[in-house]
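Each of the two complexes below includes subunit A, the first together with subunit B, the second together with subunit C.
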Partner chain A sequence: MIVAEGKPVEKILEMIAPYKKVLIAGCRGCVTVCLTGGEKEVGILASQIRMARSKDGNPIEVLEQTEERQCDAEYNAKFLENVGKVDAIMSLACGIGIQYLGEKYPLTPIYPGVNTLMLGANIDVGKWEERCFACGDCVLDKTGGICPIARCSKSLLNGPCGGSQNGKCEVSAPTKEDVSCGWQLIYDRLVALGQVDKLKEVIPAKNWLRAKGPRTYVREDLTLDRS
Partner chain B sequence: MTKQITNIRIGIYLCDCDGKVSKKVDLQKAKTVIQSQADFDYIRATDVLCGKVEKEKIGAEIDKYSLNRLVIAACVDSFIMRQFLQLADEKGINRYNVEFVDLGAVDSTGAAVAAANNALGKMRLRAEIGYEELAVTPDVLVIGAGSEAAAAATTIAKSQPVVQIDNVGTRMIGLDGFPGAFTVRLLENGQAVKKDFGAIVLALGAVPQYDKSKYGGIELGADILSLSQFVNSGKDYAGKKVSFALGKADADSLLSFAAVLKAALGLKGKGASEVNVLYEDMKVCADDLEQDYELARKKGVNFLKYTGEFQIVRFPSGIAFKYREPFLSDPVKIVADYIVLAEEFVPAAATLELAEILDIRTGPGGFFQKDNVHFLPIKSNRAGIFFVGSCHGPIHGTDLYNEIEAVVAEVSAFAKGKVSVPSLQPKVEAEKCAVCLTCYRCCPHHAIEIVHGEAYNNMYNSAARMNPLACQRCGVCASECPGKAIQLPLYSDQEILVEVKQPARIVAYACENSGFLASEFAKTLDPELQKDVQIVEVPCSGKIDIIYLLKALENGADGVMLCVCHKENCKFVWGNNRAEQRKERAQKILNQIGLGERIDFVHVAANQGNQFNTAVKAMAEKIRQSGTNPGKVVK
Partner chain C sequence: MTEANSKPEGNLKSGSALERTYASGQFVVTGEIGPPKESSFHHVEMYGQGMKGRVDSVNFTDNQTAVTRLSSWAASVKLVQMGMEPNLQVVCRDRNRLAIQSDLLGAYALGVRNVLCLTGDHQAFGNHPGCKGVYDVDSIQLIGILKRLRDEGCFECGEECKHNPKFFIGCAANPFADPFEFRVVRLEKKIEAGADFVQTQCILDMERFERFMELVRERGLHKRIYLAPGLMPVKSPKMARYMQHGVPGMIVSEEFCQFLEKAPNGKIAALDLTVNYIKHVQQIEGVSGCHIMAVAWEEVVPLILTKAGVLPRPFAAFHDNPGVITDELKALWKKSGVEGYVPELM
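Up next is the complex of A and B:
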């Protein structure tokens, strides 16, 4: 799932400062699941914006609408009526949704209400951890099903480095978070699987071009000829 | 299932209670104002509503005006409520469609109108509550090997089938499903099997354990026995001197005292030459203990009170207790052939493992159940899973039988293989459900499952569903849902937010188990203080959605209070913790936009009316310092 966090409200208020009527657009996809941009958060942000602008003697009208997914044009079409009523859109979808909704309504300015953080798993209520970098060239077969790109701070293909101490990565201290050493996790898993010999194989340098955008993906077998 | 709200016809009745209400409220004026403002189908004000003639008259009006929802504004008491609920039943009106407004508690015409309008607004928005017929398994699983489990199993077996396992030969390894339809995974002679049960009763008992550190390091031996060693020894003590010691390791338990009394009486019956019982505090607070104690004294058992530490001294011909008597200056020495030391009671070995498998909590001493004033003794945090006996703290005698009876009363609801329950569990709008598992994880009662099928109108063809028998209606799920897909019947967002559309200066969201009751008490202590306070009742503080806090302020309140149960004492396990987390975030949201301190979180018990008023005063002072809410949105 794509994981995002809400942007600081002062940034949001700055973005919409020139406007008198805005639409907060939520998404029922990943950002609902990661508790950042679903109908609930749309309501909370709308209320906060209304109160903030009221306080400043510059009232604003805030519309609220949440649809299935902002990364699909058909769902974005549902925003048409409300977009027609407002000066600007504040989207709480991920970076994909924000842009894609913006493309649908190119004459209405759109602003990001969230920072899109990572591709992560929901460890428990309110906790997310990165698992995938979308590098386009998966090596999980060689590393016991644990990704060295996403989970090693240096994205080393042949680790660990000297910064691995007692299973923790050296970045742990300054970030005040307990960051596990990705390569320790890989080693432990390979030991458990009886595949520790795999570590003798040097993983060659990666083709990072596949990790660099703009990327497209086309399935010729599925593309639809609408002519 | 919930039906769509169609063709709602509301009747509102205002009662003067034989002139009592009109001392403070101009009832005719109130009626006129309500008539001009609110949305209803019939209104009538009358002198006395609670009488046979009125009942017949209202019945006729219900027919004449096709009323299907009622708002009764009167001096509400249980008599009035019973009368109108009965009338509703007779007239085929769902009893959840009758709302009461207590005119006895308001002190002005304006307040009466506001309360009536509130009730009318809620009635208009209320979803129809249906009843669900559910097939259930009558069979009950009793887990435990001792006398407590046997007593529970025998008693329950009078009403329905019972399977008793000792959790040694046959062990529980997993549990799926809901009350009335649990699937228990068992390990039977090394084979994994699944069996269906409607309810589970834990009766593991407690285990006596000798801990020498409690006795200054005294080791057990041939003539120093633990109480359970003595009870199980089966030896002949005729002509012997036996001394028991109580209170060092078993301070909170009646069990050892009961066992010692029984043993002492037995010894006297079998010709022991001297029986002494050393005690620090006499514990006779159970039906038979006082009687046994009197009897033991009559038979010549010596009860000797000690204070502080005692010693066991050994000399060539035997052993002796050396202890201090509270009123004598010199130490006392009691010579004995055998010394018997009471043990402490600890949870049975399987307690922790079963707690994990069943996801139920353990509390003081590692026994089942948290120390929480709201938990009934036999109930776990999961419906359909019960405790009996010493597995939730050592108990004795009649307490055990009371618990067994209470459990029978609960599980016998499943004895007929079917139950009918009002469909009051939260409802999920599949279209909005992202199947994110937030509700599933936040439910303190394991009442939620994810179901799949064409009927669920979203991209996953799935949605969360709350089980009507497992759900305890705290509403935590509804407040946590990021998609606003969940609504708790009778407490939907609409029904709550309509109350704060034109809020008082202070809005207090109050848990019906604590804060709400405290507020009722507070009114009687300082009515004047309550004028600026609007109470919004919720079933648990875990139902106080963050948007409720913000909307009250957005709509013009100057301050918001959350009146919740004491820490660790939420009836629904962690509702008050969730509420506190939401309060923190809401206050942060206010700080970010410079609205100042306007939200107070108050732990208050039902009987703490004074504390409630103190909290109101503190809130008022906070508002005075922060000034009028500048965030109010003028519509």
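Up next is the complex of A and C:
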């Protein structure tokens, strides 16, 4: 799923400082699952904003609405009535949802209430880890089902660099984070699968054009004939 | 020196002095200078003079530890102008394939013949930790690009390159990183991609290096590539301990640290140890040379090489200017009991 973190309330208050009436727009997709931008978080943020602004003697009216997905035009249409009533929208969806809702209502300013972080998995309570880089050219067949693009700090394709030690990536030291060496994970998995010989193959330079935006995906079999 | 390490003179890929020395079967000695964090060649000239005629080639690190420094290609060209031979280090962290190939065309046109292809320390280590790491290609892919440029006369994209650069292509190997068993496989991949010579991470745990060499010989890799272990005179016991605990991808043996700590004169001990290592690695089958990495202590290289008895070098005219001369260095020369090349110091 797409993993996001909430922006600090102070930052959000700063963004909406000029407004008297805002809509907090939530999404029931990924941001609900990672507990950042669902109905519950919309409610909490709305209360925080109301309290902070009242305390400052500058009250604000905050509307709340959460729909199925903000990356879908059909659901975004449901925000029409509330958008008409406010000066600005504060979206708690991922970067895709924020932009797509904004495109639907181009005359109303929209602001991000979250930082979109990664395509990751929920590996433990309150802990998410990146798994995919959406690079557009999957190599998991060569690497034991573990992605070197997303999980190696340098996105190397031909094995671990000289900074891999005791299963840890060299960035663990400067970043003070516990980062596993993606290539150690790949190596261990291939050993377990009896496929370690796969690592002998020299993988040529990657075509990063597929990994770099703005990207568009068209499926001719699904497109409608609009002529 | 094994016979397999001798290659016919007429079959040279680049014709560099480094390649010719390797091909002649003689034990190779290379040095290293880290370019300074300033827009001046003073540092390069100062330490370069001391190595002139004493090493076969001098490595110039490329923004080592991800700290912005004078460019390795500019330092390399400066060394060419000094009548010496550089080994231009190129990391994949800071440039894409477009920029690397472009820089190397220029470097070759200005006389650079040896290139060492490296991944590069992660940018998070350096003085611009928030910068965007490039890693468009990895070190193995870069080796392949240079080989193709040299042997097929075309760029990575397949377009023809007239007057293509013919580099002697180098790579690194780290016997101290994990997974240990994969390290030789990775070296083999580098050979497959086109590497002609390899320099290792500095060896401060000889036992582990010897185990690595066993694996290298098992796969016959020593017959396919010229291998030189990195040897570092470690300036102080404190530095040895720092490297033991604070540098990723390094193993420093307890024996090594204690040897320096217990020695009555740590600096003499460090020099002696490096000299002993130079003599020791010459006996290891599959080792064709050594690479002296006197990080932040470049001025002692002439002393070490004199003492190790590896002078003069075969293809570089000997030069009796010892470069930097400090009082401390004079004292070290005297205490080390070495006579000869720098008589004015005795």
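In this text, the second predicted complex is superposed on the first by the 225 of 227 C-alpha atoms of A that agree within 3 Å, B and C clash if a C-alpha of one lies under 4 Å from a C-alpha of the other, contacts with A are read in each partner's own complex, and residues count from 1 in each chain.
Definition applied: contacts are C-beta pairs under 8 Å (C-beta built on N, C-alpha and C of every residue); 3 or more make two chains touch, one makes a residue touch a chain.
Given the structure is predicted, the values throughout are model-derived calculations rather than measurements.
A.B. asks: With subunit A superposed, do subunit B and subunit C clash or fit?
C.D. replies: fit
A.B. asks: Could you say whether A:S164 touches subunit B, subunit C, both of them, or neither, answering first, second, both or neither?
C.D. replies: In the superposed model, A:S164 contacts subunit C only, not subunit B.
A.B. asks: With the two complexes superposed on chain A, say which partner A:E39 touches: subunit B (first), subunit C (second), both, or neither.
C.D. replies: So A:E39 only meets subunit B here.
A.B. asks: Put subunit A at the vertex: what angle do the Cα centres of subunit B and subunit C make there, to the nearest 10 degrees?
C.D. replies: That angle rounds to 110 degrees.
A.B. asks: Per the contact definition in the header, classify A:M51: touching subunit B only (first), subunit C only (second), both, or neither.
C.D. replies: In the superposition, A:M51 touches subunit B alone.
A.B. asks: If you've got the overlay open, could you tell me the nearest Cα approach between subunit B and subunit C in whole angstrom?
C.D. replies: 26
A.B. asks: Mind listing the subunit C positions that touch subunit A in their complex?
C.D. replies: It comes out as residues 92-93, 97, 119-122, 124-125, 129, 133, 135-141, 144-145, 156, 172-174, 176-179, 182, 185-186, 188-189, 192-193, 201, 246, 248-249.
A.B. asks: Within the complex, which stretch of subunit A touches subunit C?
C.D. replies: Result: residues 153-175, 181, 184, 187-188, 199-200, 202-205, 208 of subunit A touch subunit C.
A.B. asks: Residue numbers of subunit B touching subunit A in their complex, please.
C.D. replies: These residues of subunit B touch subunit A: 432, 434, 436-438, 441-442, 458-459, 480-485, 546-547, 550-551, 553-554, 589-590, 592-595, 630-634.
A.B. asks: Quick one: in the complex, what on subunit A touches subunit B?
C.D. replies: Counting only subunit A, the residues touching subunit B are 8-10, 13, 28-29, 32-33, 35, 38-41, 43-44, 47-48, 50-52, 54-55, 59, 66, 68-69, 122, 124-125.
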